[in-house]
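Read from first to last, the chains carry the letters A, B, C and D; within each, the first residue is number 1.
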Amino acid sequence: MDRIDVREAPLDVAAEYAAVQQANTADGACAMFVGSVRDFNAGSAVGGLALEHYPGMTEKSLRAIVADARGRWPLGRVNLVHRVGPMQVNDEIVFVGVTSPHRQAAFAACQYIMDRLKTEAPFWKRETVRRACGAEEERWVEARASDQAELEKWG
Amino acid sequence: MDRIDVREAPLDVAAEYAAVQQANTADGACAMFVGSVRDFNAGSAVGGLALEHYPGMTEKSLRAIVADARGRWPLGRVNLVHRVGPMQVNDEIVFVGVTSPHRQAAFAACQYIMDRLKTEAPFWKRETVRRACGAEEERWVEARASDQAELEKWG
Amino acid sequence: MIKVLFFARLRQQLGMGELRLEDFSGTVRSLCAVLCEKYPQWREHLDDDAIRVAVNQELADSDAAVAAGDEVAFFPPVTGG
Amino acid sequence: MIKVLFFARLRQQLGMGELRLEDFSGTVRSLCAVLCEKYPQWREHLDDDAIRVAVNQELADSDAAVAAGDEVAFFPPVTGG
């Protein structure tokens, strides 16, 4: 019922949506989230992004998060795809799709999975930023305190 | 920035997702919801569904809901599509896609729009249900008290 | 003249989707009373707390004013999405 | 033998992604102390409350036990999604 995929290949949102809905006539609700590479972050123009991860732990961590979501809400399908490696502005980084007979459960689980992923799954972003002088430099993206705060609402 | 579409034609989730993301490099977050025709409701097998609406009011009502969402959260694109007329099991009834620079805003606005739509937008579902004896009958879907309750969390 | 619309189950129960009323001015509540007087068999369906009302295509309550040129719609709780 | 991994900015700061340690048994905290003793220039990067630790690929705190055969990873706060 769960599909968890960590990969370098581009992410196809249409295909991932199709995967959660195919032959799924029991769940009337599907909540999804897509995170993409923005062109601007922390005051600088972003030219691209590379995602480092901890290969042995990444999938294990995502599986644990999805299992915990299933323990909290009645879910149908869960499809979680996360890219690693180099990517461009506007590329999709992450897709989470959750189906359920209940709208509230689908929304809550989708948001819960993202909140946990953002604080626990071993991914690290490194941006290429363009400075005003035209030079490019690479920098690690800083974690945000708000992500930790969001997690606390789930108790 | 807003696309609101009430129509009889089938709903293409891939195209609707593409519409909110196209040439949108500012918003890193996209939350979506899709509601589909289930094969079972209130204890009966569902064979199909027809959606009646109040043509003069429907779009006006959806526009007001989206405008209120924009007053509450910093949103990029909002795309809201709702089908009317006859449809089959597994067909998509509604699509809501919301982008924002912020994940929490995208999730909250998407859920808010659905909660308001479910209690205020003038749509009515009539199901064709198959009884155990094999006969088919049509019945109006009952509103759920839980939908009204969900609305109250937005104050 | 007032244009009055009924939708969904209510339309089927009343056996009518639309009617026009000359010379009415008052509130939603008094409009409802006038209709129930004219069609006594409507009372059980129309005089029901669950029924919602829109005046000129916006949700309204029973105290809302209704005057010539207005469009008033009565309908059951909505079930879209 | 303990396998120790470093990721992202921390890997770059230490100039090392992986090392192996013979004959260690203790906690994450004492492992950290052993490493900082061996590489004093690591202290400012490794002895930092923001640094997170996983033992055998599960998040752990500084009291977690570490013994032969374990894999311990140190990394900065995660920034996926």
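A few remarks follow.
Keep in mind that, in the parts below, contacts are C-beta pairs under 8 Å (C-beta built on N, C-alpha and C of every residue); 3 or more make two chains touch, one makes a residue touch a chain.
As the structure is a prediction and not an experimental result, all values here were calculated from the model.
Each step here moves to a touching chain, and the least such steps from subunit B to subunit D number 2. When each chain is reduced to the average of its Cα atoms, D sits farthest from subunit B. Here the CA centre of subunit A is 26 Å from the CA centre of subunit D. Centres computed as Cα averages put subunit A at a distance of 48 Å from subunit C. One inter-chain figure worth recording: subunit C and subunit D are separated by 71 Å, centre to centre, where each centre is the mean of the chain's CA atoms.
Residue positions of subunit C touching 2 or more other chains: 81. Among the residues of subunit B, those in touch with two or more other chains are 35, 103, 114, 118.
Within the complex formed with subunit B, the residues of subunit A that make contact are 13-14, 17, 21, 24-40, 89-90, 101, 103-104, 106-107, 110-111, 114, 118, 146, 150. In the complex of the two chains, the subunit B residues touching subunit C come out as 35, 51-54, 56-57, 60-61, 64, 82, 93-94, 114, 117-126, 140-143. Those residues of subunit C that touch subunit B in the shared complex are 5, 7-9, 50, 54, 57-59, 71, 73, 75-81.
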